[in-house]
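In the part that follows, the structures are each spelled out as structure tokens.
Note that chain A is present in both complexes that follow, paired respectively with chain B and with chain C.
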Partner chain A sequence: MARSTSALGRSEARSGLLMISPTALYAVLLLAAPLATVVIYSLATGGRGVITWDFSLANYVEVWTGPVYRAIMLRSLIVALSVTVVTVVIAYPIAYFVSFHVAPSKKSLWLFLITIPFWTSYLIRVFLWKVILGYNGVINSGLLGIGIIDEPLTWINYNVGALVVTLAHAYAPFAILPIFVALEKIDRSLLEAGQDLGESKLRTFWRVTLPLSMGGVIAAVLIVFIPTIGDYVTPDLIGGGKLPMIANMMEVQMLKINNKPLGSAIAVSAMLIVALLSLAFVLVNRRFLGPAR
Partner chain B sequence: MSNTPPKPKPTMIEFRDVHKYYGEYHALRGINGTIRAGEFFSLLGPSGCGKTTLLRTIAGFEGIDSGAVLIDGKDMARVPANLRPTNMVFQSYAIFPHMSVAENVGFGLRRDPRSKAEKARAVEDALEMVGLKGYGARAAHALSGGQRQRVALARALILKPKVLLLDEPLSALDKKMREHMQVELIKLQRQVGITFVLVTHDQEEALVMSDRIAVMFEGEIAQLADPETLYRRPNSKKVADFIGTMNFIPAEVVGETGGQIEVQVKGLGRARLEAEQCPAGRGDAPVVGLRPETLTLLYPGQTTTERTVDGIIDEVIYFGDMTYYDVYLGGTDVEVRLSMRNTPGRPILEVGSKVDVAWSASALVLFR
Partner chain C sequence: MKSPGLRAYAIGYLIFLYAPIALLPIFAFNDSRIIAFPLSGFTTNWFAEMWADRQLWRALQNSLIISGSTAVIATVLGVFGARASTRYAFPGKGGLVGLIMLPLVLPEMIVAMSLLVVLLAISVPLSIFTVILGHVLITTPFAVAILSSAFQSLDKSLEEAAYDLGEGPVSTFRLIILPLVAPGIISSLLICFTISLDEFIIAYFLAGADTVLSSYIYSQFRFPAKVPAMLALGTILVLVSVTLLSIAEFFRRRGIAKTGGKDTGGFL
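After this line comes the complex of A and B, so read on.
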């Protein structure tokens, strides 16, 4: 009996492997192989298109100690974290409103309206923000026109703030949806129970609603943080080339200077930062999810 | 069981002409009545009768459109749910899934001035009271339905409310567990002495557990009485029909003398009823009601001091401890259901048998 089940188990495992093999192959070819290539490249030495396969950590030393690289990585981190905070802080009340104060029959309409920004290309939206925030943009010419300012504001264009505004606007729907789903799943009688046990509505929010929606908040944070730290187009267009982030630096190394090993080392370093921060965030928030999980 | 004679107890909850609308829908239509301190009170009725709405107006989750709800003499109109001296056991139990059992039970103690250790002891005591000693560290989501309910009870009772509200707390449990919890709730209520207000659609549950019951139909209280009165002397055909099984037989009022009412009952004959057997008329066609257990099937050779009528058995329904017989009375088309206890040596009779049925006028109730 045991023999036959184990034989059966083996054949099942075989057919299982066979079934996932196209997907597995796809994953290996398009994810693992390029990743391995990048890691191997990062250990070589290069410059001006020449690559020496000496397998040293020299590139990493340069990336982690060179002041330019450190400044750019720090900027990427600050931008990504700011965008994440701004986006989630804006998204939560919207998700809360749709979940708790919109009639059930109107909820899908609201979600549909929230996705409207996706109807236009991301590139066009970025350009529009450039038009709005630029030196001769809508805000500046408007304020100049009605005489509130004498010369164009410079702190709203070509700086980190402008980057954050643009990126936060682009990612807001991505943050709203997971938070909305988490809020929808909360049994409304739990909120009544909170009040029944003597807590005000605000206190009930802190003790019941917020902890129970943390799953959605974590999802929103990761969904916003991970793509923004590697964003390439926005810093280029909004920053006018003066505010490079990690991805822009990679482009310079890979294509303009043609130092693939150093570019690869930057890429791997960026990946490590994202992985560590995401992991740290998930672990910190375990606390919120409490002993129940 | 509620056989204690009703002592006059002070009023805990008072409804004064309470009206509630949901848009056009008139959910509560002038509720009046009082719930006494320390009483086990039930709101009984079919779904949609307004019983849960009424309970939620006590808790403060629903506002009212006119009238007043008073708890312990205070008008609750401007008192929000979190400041009312009531606690609720929700139908879904509403156990916080992100907290342990102890955190759930201690949820309402945040502003309690006692020390942490004292609060922990209070939580442990509350858990012990509901039979969950040592469960404090467990994750709330890992509990069974019955355990969740006990946590919900402990969480409410630890705050020592003046009134405990229970919204169909047993409906999610299986039959055995439900019957077990009914007895436990009665014991718990006696032990803590808090006023319990239970919402249920299960008439048996209400009869078993309550000191008094308000039967509700369509947003109104149809009758407010102790279980025995409700069962023996329902004040309307509707209440009689909702509580237990009742035979209804067409009748005719032939005379009223000195508080007594003489009726001609189809299939049974003439009967003289006392005034207490005849609740106020509603202008309906007169019928008398009688419970299955007040009728007795006479076996051959058996005699009785009661009046008898002959009949033919139309249907036999065997229940193990009881047998129900549907019997056509005295060659008429009047069919009644009667129940006989299956004592040893008493045979189950067959369909088509001719039998004598004993009855007494004092068991009748007249609805008209």
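After this line comes the complex of A and C, so read on.
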């Protein structure tokens, strides 16, 4: 019996591996191999298309100590973290509303309404914010037209704030879904228990609902943070090329200056930052939930 | 339940989400090349200008080839991945599934640049074919996610019944599993198609001399005179994606109804 079970297990393992092999092979060839190549490139040195294979960390030293690179990485971090905080904080009440205050039959309609803007052209949405916030844009021309201001506002365009608003709008639906899913999973009787035991609504929320939904909040944080730190379009269109972020710097090194090793070192550094911060978010969440368990 | 404050906030939020998109038709029909208030009159010139743009049609053709191929290949790969991860236990499963899903948590620029470095190093000419390679990579995780939920809601006993009645693995898959996950397959095709059509970074860096819709729109944004025609195009694109998504949502709901599940809402 034991033998037949293990034989069955082995055949199941074989079928499973066979079944996943086309998809896995594709990911290995087109994702794992290119990423490994980038790591190897980052250890070479070069410039203007010439590459010397000297396996040094010189590129990393330059990326992490050069003032230009540091300023750009710091800007990317500030923008991505602000976008993440803004997006998640404004998304939470929406997820809460849909999960707790919308009739079950209408929930999918609400989710549908929330997700539609996300599926409409990202480029056009970003460009629309340029049109809205621009010097001669919709807000300025509108306010001038009705006489509230005498000259165009300049603090709304071509700055980090404009980047944050645009990206927060672009990634808003991303934040709602994971929080909503986490809230849906909460056993409603726990909340009733909390209130039966004399907790106020606010305290029940603070002590039961919020901790139980933290998993969703962390997922939302990661889902927003990762693409925003690597965003290319918004700094280019909204920042007018004057506020480059990591992705723009990568393009310059990889293609315009044609220093692939340095570009690769930037890419690897960006991946490291993303991985470390993601790990930190997850660990903070464990800590946060720790005493409750 | 009463919560007027939250409801008002939710409606305000929807307005914030939709306001920029609402500007699209307003300025697409506005009779001025300058995108600003006050509006100066109604025109359909921008739609006509867009319609007459030959380069735009070529870019659209390229994009449709890319999105169509991407949707089919990613969904086929998604079927294999989802079936393997929901039905079988095997060594290295976590790592392999993790690798397949990795593009979801990697900034697209990194995916694009690492592919570009390799393609240039082995001198593969950049074209719409290389864009398809990249798009399949980033849409496969979505296909796996959508199809996994379709495969998960399958009742395993139906499959066993087919085996007991003498069907082989292939005919069981064709006769029992495929019809039951068909709605999942359709929504995966539509969603991969939509993502690929909208994707910009990979299309911009891996297309070489070929133009696709998103990179064409991007290049036109540099010329203020071309902007109104692009807003007209954007209006049409919004209508198309809303239609496609409504169809995807319809099939997703029908799939849930078919397998007897409960609707929990949402795509992801």
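A few notes on this one:
The working rule: the second predicted complex is superposed on the first by the 268 of 293 C-alpha atoms of A that agree within 3 Å, B and C clash if a C-alpha of one lies under 4 Å from a C-alpha of the other, contacts with A are read in each partner's own complex, and residues count from 1 in each chain.
Just so we're on the same page, a residue touches a chain if its C-beta (ideal position, glycine included) is under 8 Å from a C-beta of that chain, and two chains touch if they have at least 3 such contacts.
Keep in mind the model is a prediction, meaning the values are calculated, not measured.
Shared-chain residue A:E62: touches no atom of chain B or chain C.
Between chain B and chain C, C contacts the larger number of chain A residues. Contacts of A:S189 after superposition: chain B is touched, whereas chain C is not reached. When both complexes are aligned on chain A by C-alpha atoms, no chain A residue touches chain B in the first and chain C in the second. Residues 9, 12-17, 19-24, 26-28, 30-35, 37-38, 41, 90, 93-94, 96-98, 100-101, 107-108, 110-117, 119-125, 127-129, 131-132, 136-138, 140-142, 145, 169, 172-173, 177, 180-181, 184, 222, 226-227, 229-233, 237, 246-247, 250-251, 254-255, 260, 263-264, 267, 270-271, 274, 278 of chain A touch chain C in their complex.
Those residues of chain A whose C-beta lies close enough to touch chain B in the complex are 187, 189-190, 192-200, 207-208, 211-212, 288-293.
Those residues of chain B lying in contact with chain A across their complex are 59-61, 80-83, 86-88, 90-92, 94, 96-100, 103, 107-108, 110-111, 137, 139-141, 155-156, 159. The touching residues of chain C, when paired with chain A in their complex, are 1, 3, 6-7, 9-10, 13-14, 16-18, 20-21, 23-24, 27, 34-38, 76-78, 80-81, 83-85, 87-93, 96-97, 99-100, 102-103, 105-111, 113-118, 121, 133-134, 136-137, 140, 144, 194, 198, 200-201, 205, 214, 217-218, 221, 227, 230-231, 234, 237-238, 241-242, 245, 249, 253, 263-268.
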